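Shown next, in structure tokens, is the structure this report addresses.
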Amino acid sequence: MAIVELKDVAKRYDSMPGKKGGEHANAVEDFNLITRDGEFVVLVGPSGCGKSTTMRMIAGLEHNTAGEIRINGQDVSAVEPRDRDIAMVFQSYALYPHMSVYHNMAFALELKKTPKDEVKKRVQEAAKILDIEHLLDRKPRALSGGQRQRVALGRALVRQPQVFLMDEPLSNLDARLRVEMRAEITRLHRRLGVTTFYVTHDQTEAMTMGQRIVVMRDGRIQQIDTPYNLYERPLNRFVAGFIGTPSMNFLQADYQGDTLRGEGFSCSLNPHQQAALGDAGQRARCWLGIRPEHLHQADTFTGSGRLEGAVEVIEPLGPVTMAQVRIGETLVTAQLAAHLEVQIGDTLALAFDPDHVHLFDIDSDRTLGLETDPAVSAQATA
Amino acid sequence: QTTITVATVNNPDMVTMQKMTRAFNEAHPDIKVNYVTLAENELRQKITTDISSGGGQYDVITVSNYETPIWAKNGWLKAMDHLPESYQVDDLIPSVRQGLSVDDKLYALPFYAESSMTYYRKDLFKKAGIEMPDHPTWSQMQDFAQKVHDPKNGVYGICLRGLPGWGENMALFSTMVNSFGGRWFNEQWEPQLTSQQWKNAANAYKTMLTQYGPPGSTSNGFTESETLFANGQCGMWVDSTVAAGYLSNPDNSKVADQVGFAQAPHETTEAGSSWLYAWALAVPESAKKPDAAQTFVDWATSADYIQSVADAHGWLSVPPGTRESTYESQGYQKVAPFAGLVEEAINSADPEHPTAEPVPYTGIQFISIPQFQAIGTRVGQIMAGILSGQSSVDEGLEQAQAFTERLMRRAEVTRK
Amino acid sequence: MTASTVDKTPGRKSGAGGTALTLLAWLIGITMFFPILWVVLTALKTEQTAFSMTPTFIFSPTLESFKSALAQGSGYWHYALNSVITALGSTLVGLALAIPAAYAMAFYPSKRTDFTLVWMVSTKFIPAVGVLIPVFLVYRSLGLLDTRLGLTMLFTSMNLPIMVWMVYSYFRDIPVDIVEAASIDGASTAQTMFRVILPLALPGLASTGLLALILAWNESFWSLTMTDYHAATLAVYTASFKSGEGLFWARLSAASVMTIAPIVVLGWFAQRQMVRGLTFGAVK
Amino acid sequence: MSASPTNASPKRRAPTRRLMAPAVLFLLIWMIVPLAMTLYYSLQDYNLMMPDMRGFAGFLSYELLFTDPVFWDALLNTLLLVATCLLITVVAGLALALLFNRTFVGRGIARTLAISPFFVMPVVTGLIWKYMLLDPVYGLFSWVMRSMGFEPIEWLSSYPLLSVVMMISWEWTPFALLILLTGLQSLPEDQLEAVRLDGANRWQEFRHIVLPHLGQVLYVVVMLESIFFLTSFAEIYATTSGGPGTATTNLPYYIYLGAFYQYDIGLSSAAAIGAVVLANICAIFLIRFVAGNLNAGSQR
Amino acid sequence: MAIVELKDVAKRYDSMPGKKGGEHANAVEDFNLITRDGEFVVLVGPSGCGKSTTMRMIAGLEHNTAGEIRINGQDVSAVEPRDRDIAMVFQSYALYPHMSVYHNMAFALELKKTPKDEVKKRVQEAAKILDIEHLLDRKPRALSGGQRQRVALGRALVRQPQVFLMDEPLSNLDARLRVEMRAEITRLHRRLGVTTFYVTHDQTEAMTMGQRIVVMRDGRIQQIDTPYNLYERPLNRFVAGFIGTPSMNFLQADYQGDTLRGEGFSCSLNPHQQAALGDAGQRARCWLGIRPEHLHQADTFTGSGRLEGAVEVIEPLGPVTMAQVRIGETLVTAQLAAHLEVQIGDTLALAFDPDHVHLFDIDSDRTLGLETDPAVSAQATA
């Protein structure tokens, strides 16, 4: 129910040290994003990249040191957090320790003078969804970690604000509950259509819930795009490596005409890829990116796109098995069939489909062969 | 109906006065009396603050013969010059009356007055085979003290005020200085505190208290000494005459039947050897109800009042030292064997001539100048310091001299 | 964070050492209290037994001194009422002023916060005697002498810096996240204060209030100089039992007991409030 | 703990002003008016007993003050008193707070008993100590000494400052105890747990966790007690009256003597200003050297 | 370097309400486990099942209300936490707010009077692993959530204790970092051989790191076994459903002779399964469990093990796509190929291999056909 607009937003903490030892000076920098009304935006990025800071600025808990934040077109720099009509799930929970779980959840509603019955109904409802009905009378200190997190989530869910901000709301829940919660949040979002910002480290959550995903790194946006596009067309090597678990494998390679050659492998390129590499000019080196799920066992195969190396790690994960194979200096991860019959130390041959590889500039890490300039693309999709 | 506020000290005689207020109300139903009762220090502090700033919070104040002349000169007190005939002004003991007058005009009416005298234990003296003369000297006192000193049995040769304060140890010590022939100032207002007479007096004081006195004598003021004596722990005691009644009363005193009385000791001169102190009631200029206040003061200091206290509480409870008629009364003489001695002490106290040599000031155990409180307090502290061994007599007196000089200079500078 | 208490952890069961510490605590408590007990005992003695070279512990108690301390003329109830009004009044006003200020400084600190705090406390550096005459003159011209209002204001100004400091330090123990959560929940400043912060800082507020109450109750210098009768407090009452002549110790003891009894009783109740901090489980 | 709003954004300062204004204004008036008047009087000839002699005196009062040996004695005594009392009350208060933070049988009662001295009026405290405890003849202490076969000590005349220190400490240790105890109660338990698992013994636990956590509260205690000790008056007034000699004359008592014995408002105002300056120096010292260390423990 | 033994351990919190509203009375009950020396034990279970409580009892922070805990044979009930030589990563971090990151990590070493150089070396090393080298001078309050968690982890990693206890140490980290950390912890464990208890909600972590996994529910142990066994031979329906993401699908079925019939499907059983069902006696109903990864698209297939239903949810997850298909009253999840060409609402046919199904008793939820009694099995593997 709200359009959130961030324009050139930056944040610098007073207590932050300068650009020392490779540290970025700003917690958030040049943040540009305009949501659609009712959009579900997911923020992802390495720990410390500025996700929480961005959320806190939207909430008004932190003052942006540069740029402008607008909600429904209105500049909110002078609007207090309480007047922004935002519900937030804090990464640190921030429960009211002196209130029971019930009152923690009811507090915001009570402040709005919602009728008692209504409050009770909504709290009960949320508690049911969160499976904390039996804990309503307890104080936070008598809860387990995951139960506390659910209370924190419940405190937001009972409300119907303009914007939801959820900072890793499911991180301490078990897989099953997390799947349920994910579904509930998606359902709630569909029903209420509240614009939502959602921080998560869970790729599944990010991919399934986000209508758009913002990938951040060191305070800067790397790409804003749909889940599918992020996976299929990452703008640079960072995004490519960040999206998808296990991450994409990167190998250095030289190219010559239509062939790419690296330590222990070679593959022929399709015309599109050739064109991309040609664009990159004189340089004869590039990064080759292959996702683990695009590698398969290829004992007998000898054609284009064959890798071979000693197995160093084997991780059986139930449905699949992960194998790490040493190719030159790189450990390449491959997602293989469940009942892999190899031992550590064995030599394993892997094959990949050359159409499924990604190519990146050796210096700038930009993806080669994308039609548009990354920055423009980020804006364009926004 | 008018309400007057009476500021008064919390001494037993004043407490009696409060109890007698009903009698006043019967005579003057239109006047309601509120009392502000405090200990001496607090009271003085309050009244001073009030009166010096013209506050007008009190209609009747309790003042002593120390501040009366000073305040009167500052124009803070109403003159008592319309006393009715029935008041019998002439019945007031002359020295007391004089102490409360400026240019022969009374500014406060005496409520009770005291002098100093010597108390001793007849039984102990008998045991030691000595006898107390009517007018002992300080040398004799020291001698006696040595003889009756018996700390093992909780008996100390002599109790004297050691608690610092211009109205505490300095009241006593001033009389000692006087009788040793010392004076505060010469006629040019130059302090004389390092004179030989002062040193002699100080040495005597120190010797007696440190060698034959109770422990911790620097915390002993009037009350503490009185307690010690009443508990039978002092062989001798030189202090206010008001203690006489208390010590003679077996309810309070374990040694009631063994108290002997004598005049306060002297040494080279008898002048100024016993002090004169009076609590008096006065009406400030700033009083809001001066007439009612005057009525009250007249009542509380009248002979009738004394008579009615005697009727109600017995003669031992009457405020002493103000009227000759008290001492002439049969009833009083009967219960107070010391009455004659007290009357003599008060009568002989002459504020104009406090010592052998001439002085530019009046007052025996104090000097009627505003600076005296500060000087007396400081010197009192120094004397306590001497007693507790913090400084020698010579050093102490030099400090005292220096302080007095400073203070007098300050006053002169201000005067210019 | 958990709700377990320190003592429940294994190995912490009180053994011999624990018993010794318990005994020590009791011993210290009793020793500290002893002088007060002694006053109470003295108040039950006659003036004569009050002073004796060997202290008497066993004696037949008498209520004489209490009777005279409570006698009609003593006006105990009048003074007590004044004490209650001025002490309570100044404490409440003080809390009302101190809490918002401390809240602002604790949760919205700025560079001036430290300065402000020190400045506030520096207003207390002037010894009371030093400003007695100025304050007296001002009070006289404003007609505040011997009024409860005047005394209450004096006490408030006397205690306010202390209260701000204490409340501030207790507020600082509360995680900011909670305040942020409240503002996200739409709570106004007042609502945050009353519904979130105050309940959490209750133990601290209780001790602050108690402290202010005690300081005001026991204040004697100003009460003695600025009041006479109408607004005079128990400090004045107590002072009036001190005398330059005669034995007054038992009476003074009785008066002192009557003076401190209300505040001691109150203190006993108030310190129950000082229960364990409540912020556990609030934040990660 | 949490990421705190380290920067106060402009929009957030608004409530700050509004919330602080009443207290600040109130104190401002209460500070400025008397201080200005005191400053004014310190430059005046103003003796209560000499109503006729008023006028501008320049720095005469200050000159007299600084040349008065008693003033310097008083200054020294004040500092001594503050320092020793602070040391005793804080250390003892801390020890007691730790002692009473344990759970044991009847903790509430024992704690109340220990705190009670703070409820007693300072003047009464003085009287209790002077007459009932320290009196060399009737005092309890001397009775104990005597029954053990020793000569009783004449506390107030032989060790006057020590006696005052004892009194003040008796009265104020409970204060430190009370405040530190409340501080201890807010110590997050998980930190204690963490430090125990880190292998800290009791002392290390205290030194590295409890003490830093108490930093802020300790700072408050030190600061407030300094004020009270700097301005302590009633105990001295009721017992030694500043003596013997100048042994227990501190600044407030010195000012008191100036105002109510010399009636010299000029001089006592100058001394009051001197006390303010001294106190501010102490405060700066505290802030500079103590706060830095103590404040480290604060949660934010 | 230590054998940890828990015998009939139980914990009841004082403040816990009674058996109200289906709540279990004890936070932990009948906990029995003997670790091998240097074993890596993972605890999993739904939120609030008692994992943290168990860890805290081992650490000595919580007193077990029943049973006995032994470390290296010694009953530790009288041993203080500080003397147990245990390092713990708290779920709530419990950082020292007044110490810099460096000192937070160095503290335990300093207490042991480790030489300065050594301390510095070890802290630097750990900081490098955790990628928090540039934060060493900061106070915890100036860190992001994930950074704090890494400090908490670092505090344990610098030590070489008898036992490591890690309570969800990676929950707030991004996927990539988590993978790295996982590897680091495994490496460390291999190198030092310290007995480790590890709580996680991440199945991958549990499966790859744990030598044995303890599955808990409502304070009770459900199964203790190797990752492989848990996945392949869960002792009961709870474990079967809990292990594996997405969870196993459960369908009610009747059996008759060698055939199992449910709503919309039927399949023939192998002799082993028949025997198992036969054991179950008269009852003709049972639960059929099929893992999503064992379902595949089977448009043309019509044989035994065919399911068909309307697609309700499609979640494209990059390498695979999850589809939820309604079969009778149940939503069945299937893990299918990445580029699934179906729409919501389409009818989808799925097939499963009857050899890969699990059968559970309809009442007790126990797995049918396991040779051993569950309880005995749990003990036996221990």
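By letter and in written order, the chains are A, B, C, D and E; residue numbering begins at 1 in each of them.
Heads up, the rule we're going with is that a contact is a pair of C-beta atoms (placed from the backbone, for glycine too) under 8 Å apart; a residue touches a chain by one contact, two chains touch by 3 or more.
Just so you know, these numbers come straight off a predicted model, no measurement behind them.
Q: Counting one step for each move to a touching chain, how far apart are chain B and chain E?
A: 2
Q: Looking at contacts between chains, which pair has the highest count of C-beta pairs?
A: So the chains sharing the most C-beta contacts are C-D.
Q: Centroid of chain B to centroid of chain C, CA atoms only: how many Å?
A: Each chain's C-alpha centroid was found; their separation is 40 Å.
Q: Compute the distance, rounded to whole Å, between the mean C-alpha positions of chain A and chain D.
A: That pair's centroid distance is 57 Å.
Q: How many Å are there between the centre of chain C and the centre of chain D, using C-alpha atoms for each centre?
A: Measuring from centre to centre gives 15 Å for this pair.
Q: Measuring from the mean C-alpha position of chain A to the mean C-alpha position of chain E, what distance in angstrom results?
A: Centres of chain A and chain E (C-alpha means) sit 23 Å apart.
Q: Can you tell me which residues of chain D touch two or more of the remaining chains?
A: 1-5, 12, 48, 137-138, 188, 190, 193, 196, 260, 298-300
Q: At which residue positions does chain B touch at least two other chains?
A: 45, 49, 53, 154, 227, 233 - these are the residues of chain B that touch more than one other chain.
Q: Could you tell me which residues belong to chain C and also touch two or more other chains?
A: Those would be 1-4, 9, 51-53, 132-133, 137, 175, 177, 180, 239, 242, 279-280, 283-284.
Q: What part of chain A is in contact with chain E in the complex they form?
A: 13, 15-17, 20-23, 44-48, 51-53, 91-92, 133-134, 137-138, 142-147, 149-150, 167-168, 171-179, 201-204, 207-208, 227-228, 231, 241-247, 291, 293, 315-320, 335
Q: Can you list the residues on chain B that touch chain D in the complex?
A: Chain B reaches chain D through residues 44-45, 48-49, 52-53, 70, 74-75, 154, 163-166, 214-219, 227-228, 233, 370-371, 373-374, 377-378, 380-382, 384-385, 387-388, 390-391, 396, 399, 403, 406-407, 410-411, 413-415.
Q: Quick one: which bits of chain D touch chain B in the complex? Just the residue numbers, please.
A: 45, 47-51, 53, 57, 60, 64, 67-70, 130, 135-138, 142, 152, 154-158, 160, 239-247, 249, 257, 260-264, 267
Q: What residues on chain D touch chain E, complex-wise?
A: 1-4, 188, 190-191, 193-201, 204, 208-209, 212-213, 215, 296-300
Q: Using the touch definition up top, name the residues of chain D that touch chain C in the complex.
A: My answer: residues 1-2, 4-5, 8, 12-13, 15-17, 19-20, 22-24, 26-27, 30-31, 33-35, 37-38, 41, 48, 96, 99-100, 102-124, 127-129, 131-133, 137-138, 140, 143, 170, 173-175, 178-179, 181-183, 185-190, 192-193, 196, 216-217, 219-220, 223-224, 227, 230-231, 233-234, 251-252, 255-256, 259-260, 265, 268-269, 271-273, 275-276, 279-280, 283, 287, 298-300.
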